[in-house]
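One structure coming up, written as structure tokens, with questions to follow.
Going by the order they are written in, the chains are A, B, C and D; count residues from 1 in each one.
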């Protein structure tokens, strides 16, 4: 890719690379991004941003799919041992991760919110020649989806904007979101008000829907709307030989729920999805099981179709429980909508891309073919009259997303930062003006 | 079987045989025993009994499992063409079958109720050498359970009691019950009050639990309590390709109900049974089915276990309907309890048997291993302080009950009438005295 | 619709109308189109065509979803009573319906096959003001999908081509196909060789995807590929109380099959459909059912997806049978592919439409959103190197297709005949030449 | 209970009590009875028995339901730290637990085998006033079924027989069996030949079917025959949104298996049982699950009924797997038959009981109402022409079997040892002579 460098210096590229590798070595799963949050906050502060941390970032009640208290404690201890100061930890304790940085220009202008996700996955990283020096130090956890790169690119952007603050108009909000995986964090971030008054919103992902370095593809077909639900069945134990009739078989109810969840009707309006991804139940071979748990998810081409799937699943779950005289609690563990990028913003961003020599591989339509927590934020901005867009940044991959050998070309972080900064700083950015 | 004849004359035996063969030629299924009722009433009258017919016999609202109005009309027309006077038919129209005959002695004494069932089965009779001359004239209908013999024996008994009226004390009620198959008629007979004040009750069956002519076995292990239920699922039709999501799939709900009915828990207190014996649903291959029907039955060693099975089935049915957004109506089509013969009455009846030379093959314990509508009547008498017993009368069979080749030795009717008359007329019969 | 008449005269329009109404009065369902076939053959002969009938038209072994022999006999007797000569009937007996007419021009030219479907539906026609004079004379049967119009238009075309034979080049084959409903007849027609050497194929439907008279819309999105399967489960009967363990429960196996058929996986490549539209099983409430029948269908956006659905259904059916020790026979009752109209032929047909003043409402893309037996024929022609197209002819409808009140504007038959004749006779029709 | 002491001295009673409390403090679950085995072997040696240990006791290949290698290692390390010499441990490593002691009399006589089970349960013991001083030292493990008492009584018997060796005729084999819970050990013990040539076999249990100290009840109604099976379903993972059709859903197959396992037919010959007591499956919410595990058990009044249940379960499991294209491995984890005590031996044992003043509460019929691994050994002896009996020894209980507060009256061990020694040493014991 030949192009003149506009904003990103070699020095900044090296900083992003170092940050990305640091995040990669210390991966943290959803709601335990203590070390990552602390480091992001440090860099934002260095770059001159006003920084927010802890309870201020994600509304505690709105967080979905929190891990157990025991696991949170384990991660907090680990983060302390890996450098997080105890004063900072105090503010984050109990899964209050995520950071926000705000920078205001001297002249009036639009409010722009950009979102970067920070969480890793429960995947054991493969040992490759490539990742020597930055392979994950946390057993069973890995940045296998590139969020380390997203965070590093966001911090690179912060430094760049800090350096060129005199060019900035209006306000920029950099949102470092926890718990994107499972679509668990965006709602809590939005509920804390960080999108209020936002004129535009940008988000993006490395290596999906585009393979060549330099490709920037607007996601226009939207995401699959999704709901993540945990189903808890509670019954009554009994000896399976002496008095099976006295039991209330929670495991059997959950099995009936599973089979019938997949039997939910197809939909003439578009595609839906259903999955029961985990099932655990029962205490022992000779006991009528008094409890069972399912991890389920629904999806849909549209919010309406996902709602149809979810309503159907809830009906199936409650009826399965009633069928065997057990109870069923339904716990929401995540959700996302199916926002489409705003057409006008896509055209504006083309100009931004062209202004920094990135217009050649810019495409105005593309499909993500999965769910993204960003959709929740995009819908919030669009419903309030703003514009929102989501971009896929091309990169060759060492292995597919979520695979143990996943890795990307680090130069893509430069492209992200360059493109975002052009969108923020360029004079075509007088959105809506 | 050698024994001295006490009550039954050759002439009476011939009358019973002729009656049985007449009933066999004109078999009528549950609630359509128009011709059988008319003939029974005629004979009862001839024998000097006070006769009841039509609405007086079975309480209309309490009848279960009535056939369709169309089928009733068809059978009424057939019965008229086979001799039933229109005046008699008027009283029975709409499935008001069954007859009761009452005879009172001149001296005070106990009230004794004896029950004889009259209905045939939807079975196509085989053509055998034996049944030449009395093979069923009604296509697809047959006396394949011996109720023709029961009715004839009951009428033989009526004639005998009529002849020996001077020996009779107290009161005798001969109950000719419709709709025993499926346990549909006894409740309605009982609800009309025919067991009020009954000191004892006797009933019996040909050829179950005993194979030798002359065997008389008291049923002490009781019957399987049972419930017969029809389940009607109603949903909403929709085109299966264009808009499956708009349908409410009654057929699928019924299938889920079926599978889970069989999955009802075993019971540590005794045996239960469940069956879905018929399933019909749907209008066409490419339509989401808007209706489905199941014919179900439950059974249990005890009334409690049958209640457990039935309650579980109803819960499964309602939950299956709720699961797919359809409705489910549950219609009671039959039921019977699990009465055990009263021990004192069994001992009294032994004496009656011995008095007429039938003591040799009399057994005081036996098991019926099926359900019998008589149980409902027995429980009613026993609960009111009376005694009740049920007997199995041995006979070789040409084929199993309910099979197309079924037939029994007609002499067994003589044994039944002899035994019953001894129980009614003998001086050991001062029951409760 | 104002346009100059090119081919269709008032006289011809009246003939088509009379024919359509005659077919409407004598509707015949799949494989019983005896009278319709006879009349079509008569008209083809009058028009100068070489006519084929009986076994020559549809290969007997390839016919799917034949009715019972008893129903065929009933329909044959009815057709005889409605005028079909016994000699003609002899050739068609046993469901050998369908007619083909062939006309050759004097000069060489392409072979063109046009297909018209003839069967009616098991729907009871409503009594409306409009259909006075031509309402169905066959109880429970009705031309509720417009095939009467298709057949009449095809015969109108035959007369027109016969009149203008001197303009004809090459060869025209008019295929009057039985059993389009349920996708049962096209395979047998194709297997008899009527498409061999065909350079192009045309087919069409009244009133789908277009509402205005004069609209002619090419079906380019293809049809839903589909398979129609009957599933026969056979087990062993047993008394449900005395020996349930000796039964092999065919009804239960079919219920398990039903539930799991709907649970077949969604498909990331496109939409699939599954339906169990009818379920009948069992002999009586207290008998373990020894037989059960399901009527099923699968569909898919592509042949591959339908194959996935069908293979999955067959696997589910066989496993359900194995689960309960019963057998399962799978009978193919219909199938159709998902052919797309050939782009070049669509453009050629536009010219034909324009040449007769029908270009104004001609559209080159459209979607049928259902299955069509024609797809089987189209694929056969296309796979052999020919071109095929399917058109939807707009008409206002009195009620939806397959509804009791269905009716269309008869003028649409004129448009069909005019358009087809332009495509056959026009000089732009030197397809592939 | 007043009775003259015949064999058991106060000293021996104290020894048994001390041993029982030691076993209670160091409970070990199935196939990890390292410390218990070692101590039993020590005592047997002290008593003068020839002792067998390690591979000689249970045939390694015949052991069922072995724990994981990791857990075995953990228990081996624990046992070493609790006193087991490393030389002894070497012989037992890998779950080769169990001990056999043999003592021969000087005069010829019958071969008698007595079986004592040694394993504890995965139950966390409650803290009570009573168990102070001997409460379990192993977290989550407890002798909650009294096998500590069985083992101690068996060792008490060994000491007594050692002391009275001059009275002994023939041969005594004391079998200290591992892994009775789950019916996992008896087969392996039998396969090693310890019952070859046995003229009689005795076994028993504390506190089942009898509550008063001194009650000795012969188990004549037999046990429930049982099979313990693990079902492993393996499929193929796939992304639940992008390519569900590429997955092979092991979790769904296991759910179908679960529902249909409960739907296995009732049995007219007697009671059966089925239970799926544990279900674990899947890796994550958005992944089609590639594996699932079920822990199942079947039972039956007779071996034939259990075989019916087990065969049906295996058929259901294999069909469920086939239905979704996954594989199913069925692993046998335990089994037991339904032996009935030999009537002659029961009468002989009555005399033995009477000879030591224990005749008063001896009962010749009783029902165990559960499964027992001893049945496997009893059937082996009986099938080879020997006699076998099983006794229930009454004791008040602090809580039900398998409950955290379970405890029994230790004096019952004296009664067991006294009764067994009378059966072995008394002159009425010339069984079969």
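To be clear about the criterion, contacts are C-beta pairs under 8 Å (C-beta built on N, C-alpha and C of every residue); 3 or more make two chains touch, one makes a residue touch a chain.
Computed from a prediction, not measured in an experiment: that's the story for all the values here.
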Label of the chain whose CA centroid is most distant from the centroid of chain D: C
Between C-D and A-C, the pair joined by more C-beta contacts: C-D
Whole-Å separation of chain centres (CA-atom averages), chain A against chain C: 51
Centre distance in Å when chain C and chain D are each reduced to the mean of their C-alpha atoms: 69
Chain B residues counted as touching two or more neighbouring chains: 241-242, 244, 249, 252, 256, 259-260, 262-263, 265-266, 273, 288
Footprint of chain A on chain D - complex, ascending: 182, 224, 226, 228, 240-242, 244, 249, 251-252, 254-256, 258-259, 262, 273, 275-289, 292, 295-297, 299, 333, 369-371
Chain B-facing residues of chain A, complex: 241-247, 249, 252, 256, 260, 263, 265-269, 288, 308, 315-316, 318-320, 322-323, 325
Residue ranges of chain C in contact with chain A within the complex: 259-260, 262-266, 271-274
